[in-house]
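Two complexes follow with subunit A in common, the first pairing it with subunit B and the second with subunit C.
Showing the complex of A and B:
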């Protein structure tokens, strides 16, 4: 299926958000994910099922003042 | 030196460092170590999968530094609240430095959107550190909604123009019941010392350290200047007077001997 991650179309065989993020090498520590503008807590990543054309935004902490 | 207490947590260092603009992750780590800082700020950004991002969280955590995420990039209260919630999710911290600066030229904080964001985030249980213009009335209003500290600016971010808002900072420090962290504009260690001499609780420094020729040595200079300023404040400055105050004995013996 195809989902949108940070504006880019991603083709994946995975079914849960946790698996998708693992595929994209995103760690729970230091990352946050929103689906259609709503934050998805990392504690629910494993039960969050992927759907065709879902839009995800993945955030991380970067240097800043 | 008296400990700094922020949101119920105690710190020995009163210097908060920003982590932006360092030449490398290693320079950042060394500068943080040299600064003695126990709190460092960072920003929340969308992951750029093409560029990749360095993990700066772990090296700072390894140094025992508490991380204070900011909402930099937010143009209004709604975006700042979203950034704060993302940061809480990513870092597991309820601390947040609220910054809302829609204008890119001067990066001056929008007081109305900042106030709105702070109010909502306090209600949601965040420990809010409000980056604001040096406005004593705004500080009072923010205190009323429950911010953990106010962070009035000395001058625009990264400008190194020092404590241009000094008269207003003094009013804020005199009137505040929450810690006052002077943020933005501090360009030299002497200015950090000055901030403490007038009674600031803490200072936040980023560009002045990161953009120095030798960031690590500059971090150490800020550490020493902050300590000097705090000790000076606690010792009590002699105070300014209009006329001279003699420092040598002013007896008449010279005049009498020559008579």
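Showing the complex of A and C:
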């Protein structure tokens, strides 16, 4: 299926968000992911099912002040 | 009476009454480094009169490229003390209360009577404690951070009854942050983010900010994206709110 990740169309056979991130070699630790404009809590990435044309934004979290 | 001090500020649409509005607000700032220092200065400049400042740290040479409230004459001195003096130099009528460190035992006292807490510290664990205490005190919290060339900012309105149920707490987001370290940071990025936090606070008090969203900014390409915060149902905040 096709999903959009950070503005680019990605073709994937994966079914969960966690698998998709691994496939794209996106480091889970320190990243935040939003699907269609809403944060997907990291504890649900493994059960979050991919659907055709979903839009994902992956962000690098920062903690400095 | 129109005060010359705020003449140019009050000429901006949407901010005509800003100084007046800020004058009775009480803001607590934890972390007085690259974000907290300049942010406090801009807010006092805009009319904020009551602050609680918290930082245990002293000014060191490696701070000076980005922590613009401090200079060579401040080396080795308490950031809180130096910043308080800078704020009093800017506006002698400002009231500043200092707290040495944000800890379990003094958190309730720090949060007392605050309209808003700004968490501008540099450790995830400290941020989690600040968030927990803001939540139990029901004080709105702005979490802002910066590293390298990026920043992020979010408003957790813990005063709102259903906020945590709909948007979660800082821990919900921080679960994936681990023990993040931030070795690199550019001076202009820190100051840009500090200014952005100050503007965000002003907009918040002017009723122009919607809580429950987080904005990610990449300063190198000026890219900025805002998304809605959602709770982690396994987080402690969800057990308490249900």
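Here is the rule we use: the second predicted complex is superposed on the first by the 60 of 65 C-alpha atoms of A that agree within 3 Å, B and C clash if a C-alpha of one lies under 4 Å from a C-alpha of the other, contacts with A are read in each partner's own complex, and residues count from 1 in each chain.
Throughout what follows, a contact is a pair of C-beta atoms (placed from the backbone, for glycine too) under 8 Å apart; a residue touches a chain by one contact, two chains touch by 3 or more.
The shown structure was predicted, so the numbers you read here are calculated from the model rather than taken from an experiment.
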Partner chain in contact with A:63 - subunit B first, subunit C second, else both or neither: both
First (subunit B), second (subunit C), both or neither touched by A:24: first
Partner chain in contact with A:32 - subunit B first, subunit C second, else both or neither: both
First, second, both or neither for A:42, with subunit B first and subunit C second: both
Touched partner set for A:8, first subunit B, second subunit C, both or neither: first
Subunit A residues contacted in one complex by subunit B, in the other by subunit C: 29-32, 34, 39, 41-42, 57, 59-65
Subunit B-touching residues of subunit A, taken from the complex the two chains share: 5-6, 8, 24, 26, 29-34, 39, 41-42, 57-65
Residues of subunit A defined as touching subunit C within the complex: 28-32, 34, 37-44, 57, 59-65
Residues of subunit B defined as touching subunit A within the complex: 18-22, 28, 41-49, 53, 55-58, 67, 69-70, 72, 82, 85-87, 89-91, 157-158, 204, 206-207
Footprint of subunit A on subunit C - complex, ascending: 31, 33-36, 119-124, 127, 144-148, 150-152, 168, 172-173, 175-178, 180, 182, 185, 214, 216, 225, 227-235
